[in-house]
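Okay, got some structures for you below.
You will see subunit A twice below: alongside subunit B first, and alongside subunit C after that.
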Partner chain A sequence: MKRYFGRKIVIYLSTFFLAVTVDWAIPRLMPGDPVMNLLSRVSVRAEAAEAMYGYYTKAFGLDIPVWKQYINFWIALFHGDLGTSVYLFPQKVVDVIIMAVPYSIALLVPAILLSFYAGNKFGAFAARTKILDNTLLPVGYLLTATPYMWLGILLAWSLGIVAGIFPTAGAYDFNMAPSFSWPFIFSLIKHWFLPFLSLFLVQFGGWAIGMRNMIIYELESDYSHYLESLGAPRSLIRKYAYRNALLPQITGLALQLGVIVAGSLVTEVVFSYPGLGSLILSAIQNKDYFLIQGCFLFIIIGVLIANFFIDIAYIIIDPRTRLGMAGE
Partner chain B sequence: MIDKNNKKEKEPEKEDKIPQKKPKKINEFVYFASRNTKLKVGLSVVLFFLLVAIIGPFFTDYKWNAYIGPISQPPSSEYWLGTTTFGQDVYTQFVEGLRASFIVGIIGGGIATIIGIIIGFTAGYRGGMVDEVLNIITNIVLVIPTFALLLIIAAYLKVRGILMESVFIGFTAWPWAARAIRAQTFSLRSREFVDLARISGMKPYKIIFTEIAPNMMSYLLMTFILQFGGAILIATTLDFIGLGPTNAISLGLMMNYAVLWGALEFGNWWWFVPPGLAIMLIVGSLYIMNVGLDEVFNPKLREM
Partner chain C sequence: MSLQIKNLVVYYQTLSGYVKALDDVTLSIRDGEIMGLAGESGCGKTTLGNSLIRLEPPMKYIKGDVELDGEKLPIWNSSQMNVFRFKKISIIPQYAMNALNPTIKIGKLISELLSSRKFNYKKIKPELERRLDLVELTHDVLSMYPIELSGGMKQRMVLVLSTLLDPSLLIADEITSALDVSTQKAVAEMLVEFRNRKIVKSMIVITHDISILYQIADSILVMYAGKLAEKASTDVMINTPRHPYTKLLISSLPKVGVRYAEKKLSGIPGNTPLLLDPPIGCRFRDRCPVAFDRCFKEPPFIEIEKDHYIACWKECI
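After this line comes the complex of A and B, so read on.
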């Protein structure tokens, strides 16, 4: 277990290190003066532009040696300083992002957990039952192949605009002030539901298909046949097979995280949900590079933390990793 | 004398055997492939869209970004898929976008598969220190959310093209392929025929390409198909968030414009339904085709 964790932590630290280096290097690798590049493409008031030029020249520290710039970047990072947003001047990038992160998490975490649970259960249930299996296979594959934003667009259009049941923009009614009251919470849930549903459905298909394929493999293995020959009830064999089939699914969850996050970003764009996705879109449209860089770091840190949790879950679920019998 | 005689006697036998054996094996795959519904359905859908992507643009007189007519027209005999809120022809955009998707799939998926093959074979065959180092690199790229990486690279590029997008996708999508191919190579490495080749003094790269790779051909093909579909999906996501090609149209960009310019509010479904539907059908069919191929190549899975 020590070895397992040691390896993982080395990988996470090097990933973080690499990500920060990329974040630092990319603006400097692009041709031209990065500060002028940044400012020439935004239209801001003259006094703001002057203040920003001074700020960015200092922030980039282009007059000092490259290695010092790099170290300064790290120091600023550990002070939580990711620069100042251009299009939301004078707000700090960190503050802007922290405002958006709760919405993204509120969307992502329930969608991931619920779809993982429901998809696996349904996949295991559908495997080897003729009718369900025959429909699950094509439907599941088509669902995982659906671009997240397209499902979002369809839901927003059909349930939101045509049927008028759900709102299609924002996180709560525009004429409401955030407060801890029932109407406000109801409004939050109403706005949250459609983006959640589109994230949930796409992932559900993937987990159901994955579990179906895995559990069929497990049901064909020796221990299942042995149990069968002993006369064990079908539900018991299924239970054992399910547990074994769940392990590769958890590894799959870790591998899929990046794709899921990307999916949630574009889903937020469709529903104008005020999370990181919408923030990135406006940052791109306003050429606010500091904001993009900040979002990049936040996403990477988030995915690394999630990966770490999945590793812990894996150790809890699979006793072999605990006993040091399996490395990865 | 005897040798010659023997040879003469054996030769016809050999000639008989070879032509018999070879077609039999190919026939077997063709036979099972022709009976496999999943493969047939998946392949036909993909080929249909490929055909539309190739010959579709010849049936339109417009450029994808030209303002050619009345705005927000529903599909008609004049404008096959209607027009956008700016009066652009949706059909033209759709077929051009399909082309872009297939280009991204082939180049992006191809590069990712090739890198995966090189790293997977090297790590799996060499083992030891090389394996360890490559493994760490693979794991690092595996953990990084690829999309975030593409996001920051694309954001800083002033001019973006479809080719460049495909190359970047290829260079970030390879890790799982490398990992899977490494595992397969690892298990094949210790087989007798590989040992035999090694003892007879074959060069490592020759062993890999003549002894190991042919045994994994079906696996490599399926890896490419999955990477193909994955590349299309990543490109769509990237395009939709506004980092797509700056000088061309793609299916993701179509959906981006549709959402930004009020297609939902005006009910212009012909603008946003076709691109997403095409992607879903292409990628979904690729996945289903893959299951079919698996059954064709793997006798254990055939009877299901």
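After this line comes the complex of A and C, so read on.
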């Protein structure tokens, strides 16, 4: 067990190191210059612009060699300093992100957990029920093949613009100030629902299809047939088959996590939802190195932590991995 | 009579038609009898065993009656069969090595299975432990996962579990096939021991290994291409078989004292017919050395001596 976790931690740390390095490098490989972008918004005389350019470049630490910037970046990171945003100057990147993260989490966590639960339950239920198998599962194939933001646009158009039931932009009504009151919370939920629904539906389809195929495989396996021969009731056989079919689904969740997060970022943009997705879009448009870096750093940490929990969950529910470890 | 099968016909449903895997089977097994069921792969041995306990698609019941201890078995109706399964009729499947759910401890599996059948695990546990002693398994296996057991241990575990409710009939399907010879012998002796202790009343031991049957079976039934060929007591079958197929089958077994470097072991030329469209008449006709005109008609399975049944025109004239 100790060796297993030791190895896992080394893997996670090296993944973190590599991902953060890429995260640092990618914005700097983009064409353009953040300071020029910043200055283009103020109209000053040419000499003044030159002086300001020199000042800001120095202030952001962009005047030193790239390898030094890289080392400084890591040093600052260990001090919890993600730098200052160029685009929202002079706000600190950490502060900007902390404003956006709750919205992203409020979208992602319920969408992932609920769709995983409901999709698996439904898939298991639909398998071997001819009517559902022939009607709703094709819909599942359609859903899982749909890109998140495209379904988001469809939902915004149909339920938002045509039916007018849900708002299509923002996290709450523009004429409201954040407060702990029922109207505000209601407005929050109303704005949250459509982006949540588009994330939920696409994933739901995927899990339902996966579970349907997995549970049929388990129900046809030798141990299920043996239980049938011993007259075990359907419910017991299904219970075992469901549990065993869930194992590959959990692996699937770990693999899908990155894709889901990426999808949710785009969905946020569709609904102008003020989470990390919208923030990343503005950061990229403004070539804000520090903000892009910061946002992706949060996503990297989030995905790694979630993966770690899935690893642990797998050990808990599959005795074979546990026993395999004892034999190491 | 413990088990009586009359004119049982079970086919496999396929896209290209019925595969006639079990055609007109009539036989009976006495109380306390261990009947060996032998034949080549694909001759319908396992189909016969399965159709008595778990007749699921693509298997299709066509006709026939099965009676166990005077009670009719509704083999065509899976939910009605549930009452009989495990309590009256039980099976050690061909795949005994994979028969236990891999993600649950064996003790928990047994306890959940028993309570789903309205039995009390706590009350049965002492008996379960005695049975484990009988097959030389430690009681610790109950707190282990199936992957922690060796193949032979799993086989014995399944033997104990399948017979836990003292069924009247046990079907043991190829239970020695995947084991080495010394373990084969031990498992075979355990089967006899279970019968002698009256844990199970009678047994059908399905195997393609006639030498195992010679050690444990009271009678042997030989099947060929979905049909019964010959049934008689073990001694008669081994020493004086009458059906040409049985004769060839027995003569292809190696014998002690014969040097096969000098005399090549003979087999049976030809292959078994496809059961999708079996030949008319005797299905062994094409490979039979003594076939004649009459073999174009189907031979009946009749008693030619006491307890010696045979389906061959040559022998019943």
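The rule is short, and it goes like this: the second predicted complex is superposed on the first by the 269 of 328 C-alpha atoms of A that agree within 3 Å, B and C clash if a C-alpha of one lies under 4 Å from a C-alpha of the other, contacts with A are read in each partner's own complex, and residues count from 1 in each chain.
In this section, contacts are C-beta pairs under 8 Å (C-beta built on N, C-alpha and C of every residue); 3 or more make two chains touch, one makes a residue touch a chain.
It should be emphasised that the depicted structure is a prediction, and the values quoted were computed from it without experimental measurement.
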| item | value |
| --- | --- |
| Fit or clash between subunit C and subunit B when superposed on subunit A | fit |
| Contacts of A:250 with subunit B and subunit C, given as first, second, both or neither | neither |
| Touched partner set for A:114, first subunit B, second subunit C, both or neither | neither |
| Subunit B, subunit C and vertex subunit A (Cα centres) - angle in steps of 10° | 60 |
| Contacts of A:137 with subunit B and subunit C, given as first, second, both or neither | first |
| Contacts of A:236 with subunit B and subunit C, given as first, second, both or neither | second |
| Partner chain in contact with A:105 - subunit B first, subunit C second, else both or neither | neither |
| Partner chain(s) touched by A:225 [first = subunit B, second = subunit C, both, neither] | second |
| Contact breadth on subunit A, by residue count: subunit C or subunit B | B |
| Partner chain(s) touched by A:315 [first = subunit B, second = subunit C, both, neither] | neither |
| Contacts of A:281 with subunit B and subunit C, given as first, second, both or neither | first |
| Lowest inter-chain C-alpha distance for subunit C and subunit B in the superposed arrangement, angstrom | 8 |
| Intersection of subunit A interface sets (partners subunit B, subunit C) | none |
| Subunit B - residues contacting subunit A, complex | 38, 136, 139-140, 142-149, 151-153, 155-157, 176, 229, 233-234, 236-237, 240-243, 252, 255, 258-259, 264-265, 267, 269, 272-273, 275-277, 279-284, 286-288, 291 |
| Interface residues, subunit A side, partner subunit C - complex | 221-223, 225-233, 235-236, 240, 243-244, 247, 317-320, 323 |
| Subunit C residues within the subunit A interface of the complex | 53-54, 56, 78, 81-87, 90-91, 93, 95, 98-105, 112-113, 116-117, 145, 147-148, 158, 161-162 |
| Residue numbers on subunit A that touch subunit B, as the complex places them | 10-12, 14-15, 18-19, 22-23, 26-27, 30, 137-138, 141-142, 144-151, 153-154, 156-157, 160-162, 168, 255, 257-259, 261-263, 265-266, 269-270, 277, 280-281, 284-285, 289, 292-293, 295-296, 299-300, 303-304, 307 |
